[in-house]
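Structures given as structure tokens follow.
Two complexes are shown next, each including chain A; its partner changes from chain B in the first to chain C in the second.
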Partner chain A sequence: MAITSIKNLKEFSTANDRFEGSHLLCPGCAHSMIVRELMNATDDNLVIASNTGCLEVSTAVYPYTSWDTSWIHIGFENAATAAACAESMFKARKRKGTLPNPDAPVKFVAFGGDGSTYDIGFQWLSGAMERGHDFTYICLDNENYANTGGQRSSATPVGAHTSTAQAGTHSYGKTQRKKDIVSIMAAHGAPYVAQLAPNKWKSMAKGFQKALETEGPCFINTVSACTTEWKFDPKDTINVTDLATDSLMFPIYEIINGHELNILYRPKNVIPVEDYLGAQGRYKHLFKPEYRHVIDMIQKEVDEKWELLQRREEARV
Partner chain B sequence: MAKEFELNEVEVWDGNYAASQALRQAQIDVVAAYPITPSTPIVEGYGAYVANGYVDGEFVMVESEHGAMSGCVGAAAAGGRVATATSSQGFALMVEVLYQASGMRLPIVLTVVNRALASPLNVRGDHSDMYLGRDSGWIQLDAYNPQEAYDLTLCAFRIGEHLDVRLPVMVHQDGFTTSHKAQNVTPLKDDVAYKFVGDYVPVNDMLDFSRPVTHGAQTEEDWHFEHKAKQHKALMDSRTVIDEVLAEFKELTGREYKRVETYYMEDAEVALVVLGSSVETAVIAAEELRAEGIKAGIVSPRCFRPFPYDLVRDALDVPSLKAVCCMDKSAPGGAMGALFNEISAAAYTTESRPLITNYIYGLGGRDFSIEEAKRIFKEQKAHADAGHITTPIQQFSGVRGPKLGFFETRRG
Partner chain C sequence: MSTGVLGTEKRGIRELGAEEKVGWDEVTRGVVLDSFEGDATDIVHKKAEERNYSDFNSYTATVASWRIIKPVYNRDICIDCQNCWVWCPDTSIISRDKQMLGIDYDHCKGCGVCVEVCPTNPKSLLMYSEATDNDEALAGWPQKEKKEKK
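Right after this comes the complex of A and B.
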């Protein structure tokens, strides 16, 4: 039973349980919510590839597996290619009549963290998008290399403290902007690209379904709040995610065919980014007088980005 | 349904084209590839078959060699026949995934057109890339000419996909020397070739939804060792299957291949151990020297991995054998040549315990001539006559500048 026939979150959360609860992810990690939601969003068979990262090391430790579906991990950078070429194999075997379940519907999905998506696996992802495989790539964006203890990635936002972009007497943490992966993926001409968040579970499930149902390469960036490296209490994962979406640090939107932008969530009351930053230990240094200007800078950029998104939505180009 | 490709009884093919024809005849489900000199014509040839209806499978031109091998792994786990081609830097870029492919026990065929590794950048043939793969857990077969590149590529599918093996296989040929030089090749008809290769039998098929599988799990100190031990055993045990497949191929074609090839070794006093196209050069040199009274022979571990330790020992356990030179066509990077080390280890257990020296030769495509082979044979004869090694143990052959040699012998 997939989400189309489900009315509430409680039913949805156990709709189609193909991701076992017994995994090694941190308590409060948003990865499992997002993964479960993806797998519940369809009744079709799934072939899933995962890059090396938190999700992979926590769900397939021999002799156990959390995946009640076909699943593959090769390396840090190549899940997109693995899913893409599994899809090629599906096409070849369908043509030749060698599929064991020839009529069974199947979807190909790749998961990567932001490190493997924005950084080390960027080329593999770009190649698979350009080649037009029928698959969906989902980035679990927790804005750092959490699996290796919290180093900066090109998804880490300005001002965040990480172990390789540290806050100190001479530094306010990461000084470079977060890479705009959604625009880059949209620029590939992908038929469906979106940025989604697990606190907005209905729009997330809908977005997942759209991506899975759309023929061709689809990309979704999901905010995955990281209790360990963002430094908040594990019980506050969704609260922090609410702050991320309501401060517009993490706007929720989709881009269809590379140009048609739709904002999927408009906060009734937009909160200042300060509230979002203040809820996490990784930003606590920004509240020192010498670094408060960084908060202003972040707010300005968030405002500008929101303005841009709204204008693009209006322009329909 | 793929069209049949009309072939003459004898074709004039270079090694690249021969390999691409073998790939076509195996009716691969997914070829994921990236072009690189000198193996590019393999994927170009394959692309022409795709464009003209000779292939039913998918042809995925990816964005790098790492992507090519990653694609091969993903496709192989999805339960079908998979192959690709590469050389040199591309091979080096693939290395991470080569280990993953073998560790995941996926029978992928990789046709390697051997080429030097940079720096300096060099497109010509030596064995640097082949050596780079030697601990990767792949079966490595070595072709000396286009006919062999064709034959061994067909055999590679049978060997790797055998249910007792389930390991990836490389088929090597020398860049340009073999890959770009056309010779007579006797191919099999399409149906005969495919019948020999056989239908692919999926194992742990990701597209079999009745039985979900997890590929590429994590193991630490609790299980990693057991997995690697089993993988090594599978590689060692593949020797039997390799022999069976090569015997069956001989039955079909009359062309005989052995894991260790020997030439004139029955009464040899001196021998060269060589790989690749140099084998044929060395054989001509040995024949000419035999006319002069020097009993020269050649040993070549055609199956470079799994290393045929026992067969090399047998090949060198000739009472008349006094001196052997191991010829490494790869920059050794501060060590003795790899072939020297491995052959020496095998020879140590023979009764005859011949004197063994090492030549580094042919780097970056430097030509290996019959004259050079004869000179090296004669040097072995000098060692044999003296009863000890009369030169440094490791030397460079055919390099400009002052004579380069390392390590003196301590054996009388």
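Right after this comes the complex of A and C.
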């Protein structure tokens, strides 16, 4: 595959963007940072499927499209299915010799938000992973249904306020844990699974390239800071993402062939989760005395998860 | 010969409309917006100004009216690190041949991310009100901030 040089940012910046401006995502939205980076990481033709979510509704508002590649718009549960079907069709036609341009390099990619990935399209995603299609599924994880008014999803973390898990006198927001989608996808035995973040552009571009190059189903969960529902100033998207990766709320790591775990970013100074939580309106209530214990609980879980990741990396099992 | 919508001549083949019969591996186009006029095979090697965008491409639209503040770019201080390029969510940093050239004000929404990630001192990008004249902004550019000695 033709990959773009990501040796340094200057080289990377010679890539010609294939995700155009004047899409209708919110100012400062991390979705488009992630999509741009995926598309800039390769020279190959891309067939991309997006299911219902912010990305889909904002990038193809008739009469406009922001996609300079083949792009399929599909229902809430079906990004993985559409990409898998396109991939199967491509393979079959290649075998039958009915492709007009059989040697053109093509990669198949699906984008879904956390609503469609963790919840609504979960079964279809699992099916496509199990069938082993040669595609890459990228989840843009902003931890809520941001497109429909910020309802909780199974990606929403403990303690976050959402429109359907509200914080107030009797509740500290969502009480249930975030689903560990990365482990679930790795458990499918997928050749490449990772969690990446746009502030660490190089590890993200490398991860994207690895996934595109790898034959078989790959899954990447990306942290997509949401200025509207996480409630921070649009200019701070990268700053908040820095806090997310440096507090280890979002550890950056990959799992190869379902077991070989590599940590891709180790913060020099790990900051307390409090700093990350405090930068967002959705966690504001946790700083009241009656809910302080939730912050301690979150910190404890983050520490435990980091310990687990390190041990797994060491054990190579 | 019509076999009806669900009639099949052979397994997997279904009639769509009066004339077209397609198999599962031949899907009809449905509703398609073409991003380019004519041949688009080598688009990845073409810069925006070399491309033949169709009227459906959002590149031809503008979101300038979303902005109440705008980034102003100061070439004299810029070190072409490309931080602003990689993190602009609206493909609005114009970089060519490893050089930052300026802001695409048709597509910039004024989020301010580029200013936050600009590493120079003073910054090479700063936010001003939309009504500010760029030359005036450049004339009054802040000086280097001295780090206070502790």
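Criterion: the second predicted complex is superposed on the first by the 305 of 317 C-alpha atoms of A that agree within 3 Å, B and C clash if a C-alpha of one lies under 4 Å from a C-alpha of the other, contacts with A are read in each partner's own complex, and residues count from 1 in each chain.
In the analysis below, a contact is a pair of C-beta atoms (placed from the backbone, for glycine too) under 8 Å apart; a residue touches a chain by one contact, two chains touch by 3 or more.
Please read these numbers as outputs of a predicted model, since none were measured by experiment.
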First, second, both or neither for A:Ala60, with chain B first and chain C second: both
First (chain B), second (chain C), both or neither touched by A:Ala92: both
First, second, both or neither for A:Ser32, with chain B first and chain C second: second
Contacts of A:Asp68 with chain B and chain C, given as first, second, both or neither: both
Touching partner for A:Phe111 - first (chain B), second (chain C), both, neither: neither
Contacts of A:Phe219 with chain B and chain C, given as first, second, both or neither: neither
First, second, both or neither for A:Ala49, with chain B first and chain C second: first
Partner chain(s) touched by A:Asp236 [first = chain B, second = chain C, both, neither]: second
Chain B versus chain C as contact partner of A:Leu9, first or second or both or neither: second
Set of chain A residues, in rising order, touched by both chain B and chain C: 45, 60, 62-63, 65, 67-68, 89, 92-93, 101, 104
Of chain C, residues touching chain A in the complex: 24-25, 27, 33, 35-36, 40-41, 43-48, 51, 55-63, 66, 80-83, 85-92, 95, 97-98, 104, 106-113, 115-117, 127
Chain A residues touching chain C - in the complex, by the definition given at the top: 9-14, 16-25, 27-33, 36-37, 43, 45, 59-60, 62-68, 89, 92-93, 101, 104, 198, 201, 233-239
Contact set on chain B toward chain A in their complex: 29-30, 32, 56-58, 60-64, 66-67, 70-80, 82, 96-97, 100, 104, 200, 202, 205-210, 212-219, 223, 227
For the chain A and chain B complex, residues of the former touching the latter: 45, 47, 49, 56-57, 60-63, 65, 67-75, 77-78, 81-86, 88-93, 95-96, 98-101, 104, 106, 123-124, 126-127, 130-131
